[in-house]
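Just below is one structure, and these are the notes that go with it.
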Amino acid sequence: MRVKIPLAICFLSGAIMFIQYFSRHPLAKAVYNGILDWWQIIFAFTLFVGVAAFIKSGLKSVSWSKARPSTGRKTDAPYKAISLVGLALMPILALAGGTKFGSPFLWVFDNMQAPMQSTVFSLLAFFVASASFRGFRARTIPATILLISALFVLLGRIPVADYFTESLAKATFWIQDYPSMAARRAILIGIGLGSMTTALRVILGIERTYLRGER
Amino acid sequence: MAIFDPTTLPTLVISLISIAVVLYAVISIKRGKEFTIREIPGLKAIDDAVGRATEMGTPVLFTPGWGGDIQRPTTIASMNILSSVAEKTAEYDCRLIYPTHDPVIMAVAQEVVKEGCLKAGYPDRYRADDIFYITSSQFGYAAAVDGIISRTKPASIFLLGTFEAESLIMAETGNAVGAIQIAGTDSTIQLAFFIVACDYTLIGEELFAASGYLSKNKSILSSVKAQDILKLLIALFITTALIWATIDPKSSWWKY
Amino acid sequence: MLSILREEPERRGEGEMDIGVIIAGILTLAIYSFLYRDNPIYKMAESLLIGLSIGYTLVIFWQSTILDLLIYPLFGGGKIILIVPLFLGLMMFSRFSSSLSWLSRIPLSFMIGAGAGVAIPAMLYARTLKQVSASVTSIVSANGNFNFSELVVVVGLLSTLSYFYFSRHHEGALGRSAKVGTYFLMIFFGATFGYTVMSRLSTLIGRVDFLLTDFLHVIK
Amino acid sequence: MTNLKTRWIIFASLLALAVISYSITIKLKIRPSPQVQKTYDYIENLPESSAIVVSFDHEASSLPEIKPITQVILRHAFRNNIRIIGMSLFAEGTAIGYSMLTRTAGEFGKSYGQDYAFLGFKPQHISAILGMGESMRGVFPEDYLGTPIDSIPLMRHIDNYDSIAMVISIADGDRAVQWIEYAGARYNQKILAGLTAAMITTYDPYLNSGQLFSVVGGLKGAAEYEMLYGQPGSGSRGLLAQSMAHIFIIALIIIGNVIYFKGRAGKKGRG
């Protein structure tokens, strides 16, 4: 029963979602939107479970360090504490001052969370540089093709390149629009097929890795 | 209001053909028909990667990326590989760290790893705390994984799933600590970054085939076979349509 | 991000410090310290980012999902059917008990199944059908000229597809075709890398702009 | 040299390059692209106190490119005493749009409600775009700050696209397409797009067909516009920094290969 019920639910919900795709009957759309809402609701509860586990492990390491302060071992306790404070702060601010424009909640988002997020994003510029230095060596024929193609497009896409020559930019677009596009299409077709067979196995209950783990 | 939406007819036809081909492949393999999968570079490396981490006494890190959710079949394919990796880490008694941005993926991954440990014969080596949710924020997740990589210095890192801009942030940090990195994704843009930064990269569909190759699971093998049959049909379709289009440029029966 | 554009300038006199900009600037530098190596300052910023972003997500989900999709329609609008997802959602909490944890597989299987059901037609349409259909064009253009570019597309597509042929070893004709496919793949990867670099660099320029203009006032 | 040291050198060089080239203000002497020229001319020749809609249809992450474009267009419009109605079809663009609009308005001493207003965010973007063709009051009964729209002087004589000279969609995705396909096609509204560099080619078909009036794209578009406007700003600086960093990446790839081939030749020599 512990396996059969989930399998049946999986099949039912999968089959319903599959069939509704081909219908434009209002009922089909209603079912689709309903299931999406349910999905969203269950996701939110799962999020609470995930966050609860996060808090639990955080509290454990914070209290552990208090209990044994003299061991001298480096602990994560202060950092976990920072995370937990940050985690608690946002809901408290939201409760106290709302989430509208000008609220403390948004102030913290704008001045703390958002700048950090965009800074992490901008680390990419540095990592693109270090990867470029290391990853484009012309060791083999495919690697050489990779190198030439990258150099060509990079040159053609220097923001000011087309003030000097238009033919380079044109060649760059040709590479992107034809040979590169061809390979991309083949990759996408393959992914479409792989996704389809995987999803089908899931619905039919052949794929059930997620259901085991039974002791 | 019509029940059937005629604009979806081509999709319905290709869906039904695909389902038929998959069922055919499943049945023929059940009847004992044998077939092999070509070698996929990078898969052999998985075994070595776990072995390497064990020897060096460091953990193995596995990330499904920030871009996916459980709805995405790529995530399921990634779970299949996770299952093989979990079995090996349990066998070698090597720690497996799995940080994720999605609580549902966390829950499913816990089941998968638990099963892997069980299969290996060491159910007690399953550590739920190591398969954990961090944050749903894309760059919060990237920052956290970067931190984990720099602190635990895993000898082997698996980046398998759906990635977005965080791909290279994690892969370059992994490279800086000297980890062997095996990547695979269905995000075409990120593939380019993985190819440049990682030791092995499973390209698109290879990720799906890889799970069959590793597990030798007959049902996965049969769907790989089905994918191949469909690819042949597609190639045939394109060639025919192309010749047709060249002879009769006004025709458009292949346009959907 | 938003920090670049905080409050209206008229509310802030010359020389007056904006506490938000200072905090944002310090946190920006703290994250950048990771480029040197992992260190306690980075670790603090990282922990704060993790905590804040989880808190932020909780608030957003509480408002947009629990209140808007569940509580209001269920208790305010009388949509009794919503008891079902409420119940399924609560089942997820069974994961904290070892004997009942199998219950959480019921909502999980619902989510996985529904996702897979949508994925089949959606993936086949967007990833396969659309791409196949877009690849077919006459290799002789309207004025009778031979269309080399389209030929390249077809050769590239078919050879790359053959690279993804798994159930035979890549020898003989298939091997040669797959090899050509790898070359096309490499062209794609190289071009994509080159194409994406510019937008990655602009993220750095955005932070440099913030640091020099708003934080350090080096640029007016 | 260890791997780590090489990384540090690369990182430090890139940072130094970005900071230095961003600090330099150059007066570009370039010929602006026809699209940017067309946009500039159109706004330059709009009669005073015409109204335009600026829709902030983007996420926060594309701000580095979006901000210079928006800033220079807003400045140009305010300088010519054109009235601006701001709004957003992308939740993340809302607060950004409001701040950017009020900030630029402050530079020109414009007052809220008279010279500009911000209507806020609307989900269900297609119905919002269509609805605005009938009645903007219907779509936005109150503005972003909660003021009823009828008590905003600027909005008193504006209720649909008839009194709007142009809609400028600042987009990092395909939101501008919906402006083109709904406001443009159904209500004959003139549409302009301010785009991230990566999105420009996506809009080529609409430009060619004339459905899209013109495009200001990427830092390059912003820099060209700033040149026409006569005041180099973050676009020009960004363009220089971006180009320098771009060339730096190319140099790294080449240096990497030179080192690799030198190392290989050395090994061969010894072997």
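By letter and in written order, the chains are A, B, C and D; residue numbering begins at 1 in each of them.
The criterion applied here is as follows: a residue touches a chain if its C-beta (ideal position, glycine included) is under 8 Å from a C-beta of that chain, and two chains touch if they have at least 3 such contacts.
This structure is a prediction, so every number in the text was calculated from the model and none was measured.
Farthest from chain A, judged by the mean position of CA atoms in each chain, is D. With centres taken as mean C-alpha coordinates, the chain found closest to the middle of all protein C-alpha atoms is C.
A comparison of the B-C and A-D interfaces places the larger number of contacting C-beta pairs at B-C.
One inter-chain figure worth recording: chain B and chain C are separated by 16 Å, centre to centre, where each centre is the mean of the chain's CA atoms. Between chain A and chain D, the centres computed from C-alpha atoms are 26 Å apart. Taking each chain's centre as the average of its CA atoms, chain C and chain D sit 22 Å apart. The centroid of the Cα atoms in chain B and the matching centroid in chain D are 37 Å apart. Shown for chain D are the residues in touch with two or more other chains, namely 4, 7, 11, 14-15, 18, 60-61, 63, 95, 197, 218-219, 242, 245-246, 249. Under the contact definition stated at the top, the residues of chain C that touch 2 or more other chains are 1-2, 6, 31, 34-35, 37, 43, 45-46, 49-50, 52-54, 56-57, 92, 95, 105, 108, 111-112, 114-116, 118-121, 123-124, 128, 132, 135, 154, 157, 161, 164, 185, 188-190, 192-193, 195-198, 200-201, 203-204, 206-207.
Within chain B, contacts with two or more other chains are made by residues 8, 11-12, 15, 18, 72-73, 76, 104, 107-108, 110-111, 134, 136-137, 139-140, 143, 165, 188, 191, 193, 195-196, 203-205, 209, 224, 227, 231, 234. Against chain A, in their complex, chain D makes its touches with residues 6-7, 10-11, 14-15, 18, 30-31, 60-61, 63, 95, 98, 144-145, 197, 201, 218-220, 239, 242-243, 245-250, 252-257, 260-261.
For chain B in complex with chain A, the residues that touch the partner chain are 1-5, 8, 11-12, 15, 18-19, 22, 26, 72-74, 76-77, 79-80, 83, 103-104, 106-108, 110-115, 118, 123, 129, 132-134, 136-140, 142-143, 165, 168-169, 171-173, 175, 186, 188, 191, 193, 195-197, 203-205, 207-209, 219-220, 223-224, 226-227, 230-231, 234. Within the complex formed with chain B, the chain C residues making contact are 31, 34, 37-38, 42-43, 45-46, 49-50, 52-54, 56-57, 92, 95, 104-105, 108, 111-112, 114-116, 118-121, 123-125, 128-130, 132-133, 135-140, 142, 154, 157-158, 161-162, 164-170, 185, 188-190, 192-193, 196, 200. Within the complex, the chain B residues that touch chain D are 176, 178. Here chain A touches chain D in the complex through residues 101, 106, 110, 114, 118, 121, 125-126, 128-130, 132-134, 136-139, 147, 150-151, 154-155, 157-160, 163, 173, going by the rule given at the top.
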